[in-house]
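Chains: A, B and C, in written order; residue numbering restarts at 1 for each.
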Amino acid sequence: MDLENKVSISLKSIYKTFDDFTLDIDLEIEQGEMISLLGPSGCGKSTTLRIIAGFEDPDEGTVSINDKDISHLPPEKRNIGMVFQDYALFPHMTVYENIAYGPKLRKWSKKKITESVNNMLSIVHLKDFGERKITHLSGGEQQRVALARALITEPQLLLLDEPLSALDAKLRKKLRREIRRIQKELKITTIYVTHDQEEALAISDRIAVMNEGRCIEFNLPEVLYRKPSDLFSAGFLGNSNIIEIIDTDIENKEVNTVIGYFKVDYIKEKSDEKSFLFFRPDQCRKAEDHHSGNIIDGIIVDEEYTGSHTSIDVESNGLIIKALFDETKLWKIGDKISLHIPAEYSRVL
Amino acid sequence: MILSLRKVRGEIYLIPAFLFILIIFYIPLSGILIKGIQNENGQFSLENIIGIISSPYYRKTIFFTFSQAIVSTVFSIIIGIPGAWIMSHYSFPGKKFIKAIITIPFILPSILVVLGFVLFFGKNGLLNNALNVLGFEDLKLLYSFKAIIIAHVFYNFPIAIRIISSLWEKIPQSQMMAAKSLGAGKIRVFRTITFHQILPSILTSSMIIFIFCFMSFAIILVLGGGPELSTVEVEVYRLAKVTLDLNRGSSLALIQSSLTLLFMFLYSSLEKYKSYEEKLLTKANRARYSLKLDLKSFLIIIYFIFVLLLIVAPPLSVVLESFKESRSLSGDSHFSLYWYREIFNPNSRGTYGKIAFNSLINSLFYAISTILFTIPVSTLVSWVITRKKLRFPALTELIFLLPFGISSVILGLSYMRLSLMLPDSFKGSAILVILAHSVISLPLVFKPVLSIFRKVKISLREAALNLGASGFRTFIDIELPLIKSGLLTGAIFAFAVSIGEMNATLMLSRPGTTTLPITIYRLIGSYKFFGACALGTILMFICLVAFMAIDKFDGFGE
Amino acid sequence: MKSFPGFLKAVLILTLLTASSLIFASGRQQSPDTTSKPLIVYSYDSFASEWGAGPSIIAEFEEKYGVTVELHAPGDGVTVLSQLILEKDNPKADVVIGLDNNLLARTLKENILEKYKSAEIKKVSKDLLFDKSYHLTPYDYGYFSICYDKENITNLPQSLEDLTNAEYKDSLVLMDPRTSTPGLGFLLWTIAVYGDDYLEYWDRLKPSILTVTESWSSGYGLFLKEEAPLVLSYSTSPVYHAEYEDTTRYGAIKFSEGNYEHIEGMGIVKGTGNRDLAEKFIDFMLADSSQKTLALSNIMFPSVTETELPESFKHAFYADNALLIESDTIEDKSSDWVQQWIENYGK
């Protein structure tokens, strides 16, 4: 982001009790960035979005946009664009009328409305769709109309609530790029709720991983992927190997596990909970002679060739380690193998 | 400060509606029902209630009331579903007319229903006469249990058609098509998908029909053939209006009302539970098919002939009677426009014409006013129930539904009490009659409106708010167009109930104000049967026109 | 949501709608004549209907005395009684019309009438004075009788017992004593004739009954539609057809055991603020013109014996043996009798 890192959206001490969990959020989002709220179902990400939009009230805490506290404003006064999970397009109106609804409410001149709507339709690649009825649109088209409708009034913030979950995989990939492209073009601060970690990784400037109402980690995608600071976010994003630890040597940054000793890059301080060794399958290397530590010896018990990768399951001392290589078939089941995990990608969480 | 307003409970919005129903209905009603738990001296006593529950006679009566209502309801729904399917999937010439005509039985005073039935199905009825001419024997349908069921079905299955088809029209096709593409046969599709989607409307209409049949009175006695088959309503009538044992009558009414309340509560919970999650995406699927020459169309025609027989024939018989006059020595009646001339000739010698005309105007006035009152109230209440947090949503719903489950005898006594409670200046005011009509029709208006409200996704409303629309604008721009069909169904019921209403009008209106049903009853009570049929015909005609006019709004703004 | 102002708008619209409805409604009110205190008369429904006896009698009365009369008809006779009872502590009416002999005991028990012995009462036959305490004054009467349709029956039953003959299977339409006055009248009739054996009589009668209707109206309607050739009605019913339809097709049968009597009465409501006018009204009802009107509109016999009756009344009969059960007995026993009857019927 080349812009001044002005804090755009601020969620301070948002606190709300529900039946099964308590929402407890503190988040600061910068101007123009696109962040994802990522987490399993029921973790509170949609609720957070709804609180920002004004459809729910927190028990405590404030929501501010550009330092202005909007917590007391009703949703219709917040000037936030939102794309709902089911798109919520007005079925009795045409595409044009749906998109024009916001501007109409703001009493724009007819000329301005027509111009803006057509402009918006171009941006979402739906030119000439104006007179179409909502019921005659495909899922992807509806989604884009919803996007256009949310953006036309130039809101200060865009919220997307799992906008692609109803679509098939190929369309999802295509559309998430579209959304990202538009977002960058308009430079609009965006919060994107999803449970699909691949999606979050692909389009976010930063990701807030959530679980049971709390934000576990909030960081850049690559940091969360390579160097997560929490076991939950580590496990949620991408594939991972999580190994129980027997002993920890904090000073030397070394741990002992059932599959051997490991030098690690980071050991998380934990009060009384168990710690685990964590590394990603794609960080496994074939052990070479010059590798002196962090070796796992085992037997291949399963392998899967997907064309671009080969993933293998290695059994070592009763545990299954997953490894991912981008080479073509080199092994078969039953082969002995030694894996090496670089210390910088080994973490204790 | 604004924050606290926002946390205002939904109940606040309902205060005007609560007040209205409290004053017009609940307070006078409790004045009557309280006698059920009192003895003659006005002291608290459960002796009557216990007496009723422990009496085998009453138990038998309650059981019969229940069983005939169940059987009637089941048949009404079974016969109604194909009709609903036809109405929601096909378009054909005269569809609006048929839709209006099948609602006619609903507005007829029950005595005309009974007479119409006898005129057509009776020993000397049109049907048997026709059969005899063709050499067949009499069809002995009347004066039996099956006559009751047939009459109930005739009276009620159009309700099922209306309510179910109004929802069916709106079911998105996507799921059905998906299922079909996966190879599911038509029956399977219906059973697994469609049925669940129309289930809420089936439950709503079942509840309405069940309660109507539960409270049935004239049909049971006359067409049932004898007092062996009698219902709780008859006994309430007997106690409260003939024996004048108000304590025992109210006890029975209390038991009756508790039962209907229980049923309504069960239905409501079931309906909410089954209210299919899939919300409306589409507007009404304007009927996709038109009649062709194939087996399906043939079956449809058979269905319609059957419908015609059951629904149209009895009122039609009444219509035919209206063109008769009995002025010969032999006592035979012959074709004559006498009664119509009387009505439409402003200079007619008889007062009959003037009265008929006045009744017509009054009836129309009350009916339209009832629509104007109940539609906004129902909309408001439905809006609050579905959009706001209520502490007891089911109870709130029941509060407005209850008048439906109260015996009309007891209602009549409540109005008597109401007229006593109010200051003299209020007596006889038209507004009082309108309010009373509104209370009785409210359950029937409110239910369809509520059902359709539930079907409108909350996210649509939220989207509108999010785009900057105020709550009011959201309602006008977004929700109102989508609930229109529910409002129309409600308006039809409001009109129908009001125009057929007698009890409240008799009790509360200014002396000399008559309405069509009152005049019809008075005509019959004074030997003028043909005249009653003529007025009944006019009543039917008015309703037909009104229903078609209201239905016209359905396609409005598309 | 935070849309309170929007909600206010909705309330405003609703109020406007109600207000306009009100304005229209009040426009339809008739402006009352406030020259003198109106006389409030409660009556049963058919009396008040425009072709009933009420309007013309009242019009004459109003003209004669220069007063206003307000007629309120909440339903049938029993409904009127219920209203009077409900209003007991704060009576609104001055005169009540339509309480028959079956209701006498109840009326007296509830103490809702004032005694009044009209001077005109000497014109009324002594047999008709069912209320010796003069709270209720008879104004017309009739006999329940089985009416027949000449076109559909030749061999007429001459007694209650005859009705049970096999030839009359499914030929008779009756009314339910639980819900209709004639129905109750017929039941009392059978009790008056058969005493404690009345239930056995009904067992014998049952095959002849086509149906038991809830009101006279539907029953008589069935009869006119030729569903059955015999119907329970009044001895004066044929008069209507003769007078207004020029036909003598329908007749009424005088039974050998007698016919049960039905006497209708009127009285002054206790607590009336218009006693003087009320008395005049009672007197007026017994005047010749009123009695004639009553006869022709109600199709009943006028209580004033010397009233001249039109030709058509020759088709009605006066019972040789007018049966009537004591009012007190009716009050005590009728609900038991009805209950026994229904439980017996349903066996």
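Going forward, a residue touches a chain if its C-beta (ideal position, glycine included) is under 8 Å from a C-beta of that chain, and two chains touch if they have at least 3 such contacts.
Worth saying up front: this structure is predicted, and the values here are computed from it rather than measured.
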{"item": "Two chains joined by the most C-beta pairs in contact, as defined above", "value": "B-C"}
{"item": "Most central chain, Cα average position", "value": "B"}
{"item": "Gap in Å, rounded to a whole number, between the CA centres of subunit C and subunit A", "value": "83"}
{"item": "Inter-chain centre distance, subunit B versus subunit C - centres from mean C-alpha coordinates, in Å", "value": "31"}
{"item": "Centre-to-centre distance between subunit B and subunit A (centres being mean Cα positions), rounded to whole Å", "value": "54"}
{"item": "Where subunit B touches two or more other chains at once, by residue number", "value": "2, 6, 465, 470-471, 473"}
{"item": "Residue list for subunit C, restricted to those that touch at least two other chains", "value": "1-3"}
{"item": "Touching two or more other chains - residue numbers and ranges from subunit A", "value": "55, 74-76"}
{"item": "Footprint of subunit B on subunit A - complex, ascending", "value": "53-55, 57, 72, 74-82, 84-86, 88-92, 101-102, 105-106, 135, 149-150, 153"}
{"item": "Parts of subunit C lying in touch with subunit B, wherever the complex brings them together", "value": "1-7, 9-11, 13-14, 17-18, 21-22, 24-26, 28-30, 45-46, 48-52, 55, 70-76, 78-79, 81-83, 85-87, 90, 106, 150-151, 170, 176, 178-179, 184, 209-222, 224-228, 237, 240-241, 244-250, 297, 299, 334-335, 338-339, 342-343, 345-346"}
{"item": "Interface residues, subunit B side, partner subunit C - complex", "value": "2, 5-6, 8, 13, 16, 57, 60, 111, 114-115, 118-119, 122-125, 142-143, 217-218, 221-228, 230, 234-235, 237-238, 240-246, 326-331, 350-352, 354-355, 365, 369, 372-373, 376-377, 380, 412-413, 416-417, 420, 428-431, 434, 465, 470-475, 506-507, 510-512, 514, 518-519, 521-522, 524-529"}
{"item": "Contact footprint of subunit A on subunit B as seen in their complex", "value": "2-3, 6-7, 280-283, 457, 459-460, 462-471, 473, 477-478, 481-482"}
